[in-house]
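By written order: A, B, C and D. Residues from 1 in each chain.
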Amino acid sequence: MTALLSVHGLTASYGEGQVLAGLDFEVQRGGVTVLLGANGAGKTTTLRAICGMVRREGSIIFDGKPIQNLSTEGVVRLGVAHVPDGRGTFTQLTVDENLQLGAITRRGRKEIEHDIERCFGYFPVLKERRSQQAGTLSGGEQQMLAVARALMLRPKLMLLDEPSFGLAPMIVKQIFDIFRTLNASTSMSMLIVEQNAALALELADHAYLLETGRVVFAGRPDDIRNDPALRRSYLGY
Amino acid sequence: MIAALATVAAASMAMAKGKYDVGASDTEIKMGHFNPYSGPVSAWGTVGKLQTAFYRMINEQGGINGRKITFITYDDAYSPPKAVEQTRRLMERDQVLGLFNPMGTASNLAIQKYMNNMKAPQIFVSSGAVAFGNPKDYPWTMGWLNYASEGRVYARYLLQNKPDAKVALFFQNDDFGKGFVAGFREALGDKAKTMIVGEASYEISEPTIDSQIVKLKASGADVLFNMSSPKFAAQAIRKLTDLNWKPLHFLTSSSAQIGSTLGPAGLENSKGIISTNYYKDSTDPRWKDDPAMKNWNAFMDKYYPEGDKSDTTNVYAYLVSETIVQVLKQAGHDLTRENIMKQAANLKQFSTPLLLPGVTITTSETDFFPIEQLQLIQFNGRTWDFIGGVIDGSAK
Amino acid sequence: MAIERVSAILFLLAAIAAPMLLSGFFIFQVTMLLVYAIAIMGLNLLTGFNGQFSLGHSAFYAIGAYAAAILMDKFGIGYLWTLPLAGLICFAVGFLFGFPALRLEGTYLALATFGLAVATPQILKLTPLEHWTGGVQGVFVAKPNAAMGLPLTADQWLYYLTLSVFILLYILARNLIGSRTGRALLAIRENPIAAQSMGINVSLYKTLTFGVSAAYTGVAGALGAIVIQFVAPDSFGFMLSVTFLVGLVVGGIAWLPGALIGAAFILFVPNFAEEISKGLSGAAYGVIMILLMYVMPSGAGGIVQSALRAVRAR
Amino acid sequence: MELLLQQILSGLATGAIYACMALAVVMIYQSIGHLNFAQGEMATFSTFVAWQLITWGFPYWAAFALTVALSFAGGVLIERVVFRPLKDAPALSHIVVFIGLLAIFNNASGFVWDFTIKTFPSPFGQGPMFGAFLNMHQAGMIACTLGMLVLLYLFFSRTRLGLSLRAAAANPESARLVGVRVGWMIALGWGLASAIGAVAGMLIAPGVFLEPNMMLGVLLYGFAGAVVGGLTSPIGAVAGGLIVGVMENLAGTYVPVVGSELKLTIALSLIILILIFKPSGLFGKTLAKRV
């Protein structure tokens, strides 16, 4: 396996305060990488830095191309879909329009229609609500919509920021099942930031632990499960 | 070179017997002026620009009694506080002799006390408010014309020719409109109550005045007295046509121009409109071959080519400048502020070819409105016809 | 801190000495500058510190000016007394206007205040009120001479009077902002919901700010009427509000001394633009405004504050 | 009764003028979240351009199309050149720039084309119709406004570009995350607003005559109309414009004593009253937000 995304010496800052202090990590082609860490460790900022949503420095190579100087739109157009925290739903637009927007950079009306149907296959509830304003959906439905919208890009890499946040366990399970299906059935890679480490590690093939903007541990999920100290602090048993 | 200097020195020595106040000398007369060059009524800025050109011409022709005119004009943006500032700048920093033809009712009201305290002329104020013709309280302020006089002319015409008229008043809601209304009512006297059946005003910020005309038509009037600026006058004329309402239509002189009002409104629609005037309408074909008009056109081409010849404001401004020059000529070598005022109040049937035949300019110690003679005119679809002779609009 | 104190003292010395060195015309100009500065300071309290947008301050300025003129003209009240009275009247009007304003935000508030600005000259012209307002002709105001036999010209006296009022109002504003109330105002600007949850009575503070802001601008209007000696409805159109807003932004949002810089801008730059070209003075003024925003997008206040920060950081 | 009908119809005609401008206001508000004070002067300038083209001998519709195209390009250019460098400046600074633009365009129109009023041709003719209630131009203008509304509706609801514009307006950050070039969408919004403004100007001018301050008043009413309608909805803008036009006429005709002098004031008070009860306008989207 080769790296789809490799990041070296990534720094990022908001205003005066530096949040990332030189990160190195990779996401393999077809792989699932998870970033773990406490609140404020810089996980969300890492995702935002990849997408050019914060001022960043360092090297970010995606699919063989350096993207550290691209605008957000430019990064997205290369095939990076980002499901941000807060889901980024266009609340005033309908579910259907949200999905259409997901494919706004693509051509081919037929294929897009086909992909929308495919998303409805994953999330049947969205089909029922397709002409409803997205702001009227429940939290879980909005998360499904956010994932579906990201899929509409047919991304090579999906960035997922806390996909389980604030959702009922049933729905979390449903969404993670779909991630697993997607990962297995397509070659799409994922970079997941997740509080629910146990859940994320079940899906991941690589894990990184962040502390105050640095990588403090890198390895396979089993390495964490087998390290008693790490297990206690991140998995809670 | 030295010889030339000597000649100049000799010339100025010869004139050294002159009497002067601040702003005048053997070689120069400094005149102050303001009008809006910026802001929503910057259309009036052409007055200052034309006058600047006019005095350049006078200076090229040798000045007045051997003295060059320095004409300093500022922008007051039609705002009284700015007018006060500019007036003080002119009086205290530029040290002008006085203010000549400063523009705007409110702006001039704001400086009236100051100018009278300074005992400096504020003459031929570009406004029609009655406040500027009050020599008893404000001997240093002189108006130009009086909206009320014109209002009186129409009222007297009605009393004579259509005493049972039902009149609708349409006016701009400011000193301009209300000045006409006041004169009109005053001349109608007791009959005002019964004759005036409808009133509607507008603000200059309104885009259209259709609603007002509709309302006035519903009042059942058979006479419309239209006291609006050219744009709204043109709108009103057109709305009358749309509504098929054909009252006897009086239109104030300030809007009664073929080029800037009647043309845009439609010459056919404007047929029958009665107005007054005192100077020649540069857009009236009647004056196409008139020597005074040709002269004015030549001036515009040579000295003010960027000016708009279809804007009769430029005729007005020329006329006022001519009158100012007459005052300065009359003052001779006594260029004190007092004498300027005295001469301004001593115009005896002064006439220039741009005035309508028979109209003259007269002032006296008690009459501070130079323009009070008006000619009633009626539009025939192509040009203005005179109705009767020149009449006097002053209060009786 | 030291820099601020030194500049305040220097300003005071210069301000006190100014009339001795300057001609009457220039004193008049500086007096008008202080008048506009007070008005801008009022707008700053509302817009800069409390985040409520207003296009209606020409109305409060007008009400203050007319209050002073009518009180002097019809009631024979001394001009000094008209200042606090004008302030009180405007406070009441502003406070009352603040209630409906509470329900509106951003652009909607702008429209409501804008309506106030457009309506005020029309109401002042209203025929039934002509006895008081003088209708379209306006009201004259007598120019006061120096009080207590001070050896000052009328211009100098008005200047010192305006300067004193400015300093007094400046100190009041400064203390207000430094107090708990001031912190509450800022908290409301930043996040009204959070402020509410911190126990701040948002409605009360917002309406009070509206009142205080209107009072400042009203006092400026009254002083303006006394200095100009004349009030007329069309002096107080919507464009005056826009002018204050330009002054506020140029001076710097939420920075009190900026009011002086903003006032200087709206007073002097149009004259400067006129000297560039009579025919294109409006365009020249517009270009200067835009260029200034490139150079200092947060106004003079932004530059001074970052300079101060840089000095302190050393 | 006839007076009432007349005033309502004439209010609708005037309201159509406001509605045209309100549409342009909504366009720009959608893309930048501000009211553009210079909008009216830009529209006036565009209309002068059209007038100039017609005077040079262009056929009406050619001048019309060329003006719309030029205005669109001009709007995009203003965004790219004037506002792009200021994109991080505080909102109030933008307002100063709007005011600067207002002064520049107003002055430029007067400087180039003078102040005397000019007639602007109407493609619909000037004669009266429906008895004397409306003239042909007014009827045509109302029809055109509604037509423009339909076109805008179709553009926003049926095209991908329209969808991108709405997305960029509603949530710029998320729009970037789906690959919408938000910066260009803003420029496009400026272009559209200025093109609609140009159409509005060319529709308005035949009725009110063309002069540099033609839009000064119209823009104020356009703002009012747009705000009544809710600022985000084109349908609201048109409805708002018509409501303001009719309300103002009725106030001027039927409110005793002060009605005629205060018709705008009364109309504005009613608007503020509406806003107090419906703070986001009549057609503004009020959304039940769920977290």
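In this text, a residue touches a chain if its C-beta (ideal position, glycine included) is under 8 Å from a C-beta of that chain, and two chains touch if they have at least 3 such contacts.
Keep in mind that this is a model prediction, so the values were computed, not measured.
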Exercise. Counting one step per pair of touching chains, how few steps separate chain B from chain D?
Worked result: 1
Seminar exercise, completed: Intersection of contact sets, chain A vs chain D, gives none
For this session: Please give the pair of chains with the highest number of C-beta contact pairs.
Result: C-D
Problem set entry | Furthest chain, CA centroid comparison against chain D | A
Problem set entry | Per-chain Cα centre nearest the global Cα centre, belonging to chain | D
For this session: Measure off the straight-line distance from the CA centroid of chain A to the CA centroid of chain B, and report it in whole Å.
Result: 75
Seminar exercise, completed: Whole-angstrom distance, CA centroid of chain B to CA centroid of chain C, is 36
For this session: Compute the distance, rounded to whole Å, between the mean C-alpha positions of chain A and chain C.
Result: 52
Exercise. Measuring from the mean C-alpha position of chain C to the mean C-alpha position of chain D, what distance in angstrom results?
Worked result: 32
Problem set entry | For chain A, residues contacting two or more additional chains | none
Exercise. Which positions in chain B touch two or more other chains at once?
Worked result: 38, 40, 42, 173, 203, 205
Exercise. Mind pulling the chain C residues that touch 2 or more other chains?
Worked result: 118, 122, 125, 279, 281-282, 285
For this session: Work through the pairs of chains, note which ones touch, and then classify the graph as line, ring, star, complete or other.
Result: other
Problem set entry | Interchain contacts (touch definition) - all pairs | A-D, B-C, B-D, C-D
Exercise. In their shared complex, at which residues does chain B touch chain D?
Worked result: 38, 40, 42-43, 46, 173, 199-201, 203-208, 210-212, 214-215, 218, 230-231, 234-235, 238, 241-244, 259-261, 263-264, 308, 310-311
Exercise. In the complex formed with chain A, which residues of chain D make contact?
Worked result: 160, 163-164, 166-167, 170-171, 173-182, 285, 287-291
Problem set entry | chain C partner contacts - residues on chain B that touch it in the complex | 37-40, 42, 45, 48-49, 73-75, 77-82, 84-85, 88-89, 91-93, 105-106, 109-110, 113-114, 129, 131, 173-175, 178, 203, 205, 306
Problem set entry | Of all residues in chain C, those that touch chain D in their complex | 47, 100, 103-105, 107-108, 110-112, 114-115, 118-119, 122-123, 125-128, 238, 242, 245-246, 248-250, 253, 279-283, 285-290, 292-294, 297-299
Exercise. What residues on chain D touch chain C, complex-wise?
Worked result: 29, 34-35, 37, 82, 85-86, 88-90, 92-93, 95-97, 99-104, 106-108, 111, 220, 223-224, 227, 231, 257-258, 261-262, 264-265, 268-269, 271-272, 275-276, 279-281
